[in-house]
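Heads up, the next two complexes both have chain A, just with different partners, chain B and then chain C.
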Partner chain A sequence: MTRYSRDRVISSVLFVPAVFSSILLFVMVIVLFWKSEAILSTKPLVDLLLSSSWRPVAGNFGYLPFIMGTIWVTALAMILAIPISLLSAIYLSEYAPPRIRDTIQPVIDLLSGIPSVIFGLFGILLIIPLIKNSVAPLLGINSSGYCILAGGLVLAIMVFPILISLSFEVFQTVPREMREAALGLGATNWEAVKHVVLKKTYPGVIAVIILGFSRAFGETMAVLMVVGNVARVPSSVFDPAYPLPALIANNYGEMMSIPLYDSALMFAALLLLAIVVIFNLMAQYVLMILRKVE
Partner chain B sequence: MNETEISIKNFSLYIENRQILKNISVDIPKNQITAIIGPSGCGKTTLLRSINRMVDLYTPVLAEGEIIINGKNVLDPDINLSLLRKNVGMIAQAPNPLPLSIYDNVVYGLRIHGIHERSALDTRAEQCLQSVGLWSEVHDRLKDPASQLSLGQQQRLCLARALAVEPEILLCDETTSALDPISARHIENELICLKNDYTIVFVTHILRQAKRLADYVVFLYLGELVEHGPAHEVFTNPQDPRTKAYLEGVFG
Partner chain C sequence: MDRRIAEERFFKGLMYVSLFIVLGCLISVFAIVIIKGIPSLNISMVTETPHGGYYLGGGGGILNAIVGSLYLAAGAVILATIISIPTAWYLQNFPRSSRFASSTRILLDIAAGIPSLIYGAFVFLIMVFLQTEASLFWGIITVALFLVPLLTRAVDEVMQTVPKKLMDASYALGATKLETVFHVVTKQALPGILTAVLVAFGRGIGDAASVLFTAGYTDAIPVSITDPVATLPLAIFFQLSTPFPEVQERAYASGIILLVIVLITCVGSRYLSKKFTKYCVK
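Take a look at the complex of A and B:
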């Protein structure tokens, strides 16, 4: 075989794994869609999404409690995580002396690699008693501690390492010379951050936040351990909730004798996948638009 | 004799325990162009960045000796860096416009130093753009992003931006090296015009450029100050064999 034809063969060999991974997404969507067909044919989509009655034995499959549970927990987690993460990332990227940065960064990276079940245990051991015995009584509320607040806190702790490292990377893309332009005119470090670094990177920061959202949506284990798992539309952060990933993880393989149950869980998975994909696309889109504006 | 603007006395600088600059003493004359020349890695840029204290931006440094401007030692840890850098402007190697409009770039320094009155900003912006010969090219698109200008225009914008805060000293770090020859000449001519009002310290590794611009020359070699003096003396009659060798192109 000549060197040239060998190169062509290698090119096609490399093509296969590259395509394989992207095909996976389509395969998943198709399988989930096909499996959810049974439940989708029982009622119009809008009824399924907006009904809050989840009684599988009676054949009632309303997804609203799970959708709302997912939204509450994720939104709370992001509200808690975004400010902390951005401030830490700004500190690490713009203020921290190299010695401090080199100490903190590996710890944050390690944190993002910890299995989520450990975060769940941490939530049960620390956060739940804290809410049950201190936070809720302080506000005159009776709570078991297993609630949205606990889920949101655990989830916030889980997403902030990734938010910190991604936004740190984004801040580091600003060339030194551009910061120096501001500093060289007598700007303080904070002015350089505000006028140069954040101004230059806000599209990236927005994309990071959206990616953080899509990650938080799918987080399963730690959240289901602390969030209470009651299929009811929540009305306060001290209510229990039942996010979509928890629904699937808790029930798949159990109670499968109930008609349509299997298909209902598949549809929950499809919903989750759709939400995450939509958020990822949004991140791409925002980046594209904002880059164009520049 | 000439007045001194920057007085460097027994200045040594260490970065990560490595000595970069060795016991440098030189008086930089007021309202002249001083060229710092020397082969790459000799500490030219480090010396320049010490004058406005940019040198310790990313890594902690150890400095000995003094750099005196207006009676104050800029190496003093308590010095107000904001006021120092207002007085000592810097133009970087490659143009570094801020991610703002042309107008906002020029008045950026004024704004951070507390001037917000529209008419004052407008007047100063026009003056500064005029003095770098950019006004006629940009006056009808001041609101456009600065990044849309050509590189040569961007560098003149950076010069205008530095002038806007009325510094006494301009530090230029191979300021023309990223530009085409015509834009480079443009900047050189601006600098020659500006030296009546400013003290300019210019780092360059291009000897011909130093010969064109410099009134006073500082020759560094391996972190040491080898020779300094009025340009015509250093260039025509170098005292040190290393200066002689460098000028003859033995090492570059």
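Take a look at the complex of A and C:
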């Protein structure tokens, strides 16, 4: 066998794992969809998504409390995390001397490696007592501490590393000469950031934010531990919520004992998967346009 | 002029505050878990399996979960590596701008963004279909599945940073495409590949949501791949859900153990990648 034909043989062997890892996503969507069909055939999709009555024993499956719970917690976390992360990333990319940058970056990597259950522990030990004993009484509200605010705070800390490291990378794509041109015209460092770096990278920053959202949607354990898990549409940040991932994780045990319950939970999984995939596609699309412009 | 300088100062101040918040959060995560966990951390936590009535405050430790997590993460990382590295090799066969390769990369990126819980639910459905019970085997499969996209993309990214000139030199000597990928690209990317594998190991150890459905839970150390297996994050979660304060305190101590394992993985990956960098062409 010549070396070239060996090349071709090995190449076709390598094709197998490559196909396996690329079609995994499709297989998951198909399997979850197939499992969700039972629940989807009971009521029109809109009714399922907009009904707020969740009583599995009576056969009532309304996803609105869970969808709203997910949106509240995720939105709060992102509102808290986006400005802090972007400003940190700007500092690291545009201001920090190399020595400080090289010390802080491993620390942020470390933050991204901490298991989510530890963040949950942190929430229970620090944030919940804080809300229960200080924040809520200060505002005259009675709260157990297990609420959207706690979930949002924990989740915000968890998305710091991904937002910071991705936006740092985006800022680094701006050529140094462009900053120098602005500085040479007498701009202050912040003006160079505002008028050159941010102007040039804002599609990338948007993509980073979308990716951060999709990461935050799926976070399960930490949020589940602090958010209270009450299936009601929340109306303030001091209400408990029940996000979609928590719904799936908490109820898999009894899902085989109630008719349609398994299908209902798998539809929740499909919903979550769909949201994450759509957000990821949006981010990829923005990044693709960005690359084309370059 | 004054206004511009004030603006500069204002935003610079905000940046310091932001960075302070980020670093402060990290430190307080570590500090609070350590402060609350230290009092109930003792040697039997890491040397004994739970005795009868452990979750009511009885004696014993969480050796079952420590060993279980290590088995699970090691098995999953090995399996994921077996799939990921060939996939990354395959992707290197295409020109860096090729449409096939870039769409595969996008697919993998999306798969890497899917919450691990969904992978757990997916494998759970397969298990229900095959009518099997939760076990170490299915836990490994689940974690491996969600590590594959992450690991493939990480390895692929490292391989793509290998300078084109190095590959051209290899082609010029008459090497085929794959020979270049195996002997030049892989060797050059080895430190990065090691880091990626260890980061994946850390993810595997720390993930609880995916194995919730698939690995089961037991107080014994698994002796076969068909046994159910306890994991450290779930041990923390379950101890925390008991109503007894002394058991909850053990959850904090278990948190310290998990943090230590993650830290060792993190430091180890830095050390190994530094050590292997000396075999690379600079």
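Keep this in mind: the second predicted complex is superposed on the first by the 285 of 294 C-alpha atoms of A that agree within 3 Å, B and C clash if a C-alpha of one lies under 4 Å from a C-alpha of the other, contacts with A are read in each partner's own complex, and residues count from 1 in each chain.
Here, a residue touches a chain if its C-beta (ideal position, glycine included) is under 8 Å from a C-beta of that chain, and two chains touch if they have at least 3 such contacts.
Note that the structure is predicted; figures quoted are calculated from it, not measured.
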A:Leu126 in the overlay: touching chain B, chain C, both, or neither? Say first, second, both or neither. second
Between chain B and chain C, whom does A:Tyr91 touch in the aligned arrangement: first, second, both, or neither? second
Kindly classify A:Asp102 by the partners it touches after superposition: chain B alone (first), chain C alone (second), both, or neither? neither
With both complexes superposed on chain A, which partner does A:Ile157 reach: first (chain B), second (chain C), both or neither? second
Of the two partner chains, chain B (first) and chain C (second), which one does A:Leu185 touch, if any: first, second, both, or neither? first
Looking at chain A, does chain C or chain B touch more of its residues? C
Quick one: classify A:Leu14 as touching chain B (first), chain C (second), both or neither. second
Show which residues of chain A both chain B and chain C reach, each in its own complex. 188, 191
Please name which positions on chain A make contact with chain C in the complex. 3-4, 7, 10-11, 13-18, 20-22, 24-25, 28, 31-32, 35, 83-85, 87-88, 90-92, 95, 104, 106-111, 113-122, 124-126, 157, 160, 164, 188-191, 193, 211, 214-215, 217-221, 225, 245, 248-249, 252, 256, 262, 265-266, 269, 272-273, 276-277, 280-281, 284
Under the stated contact criterion, what part of chain C meets chain A in this complex? 4-5, 7-8, 11-12, 14-19, 21-23, 25-26, 28-29, 32-33, 36, 82-84, 86-87, 89-91, 93, 104, 106-111, 113-119, 121-122, 124-126, 128, 145, 148-149, 152, 176-179, 199, 202-203, 205-209, 212-213, 233, 236-237, 240, 251-252, 255, 258-259, 262-263, 265-266, 270
Going by the contact rule at the top, pick out the chain A residues touching chain B in the complex. 97-98, 175-178, 180-188, 191, 195-196, 199-200, 294
Quick check on the complex: what are the chain B residues that touch chain A? 52, 54, 57-60, 81-86, 89-90, 92-94, 96-100, 108-109, 112-113, 145, 147, 158, 161-162, 165
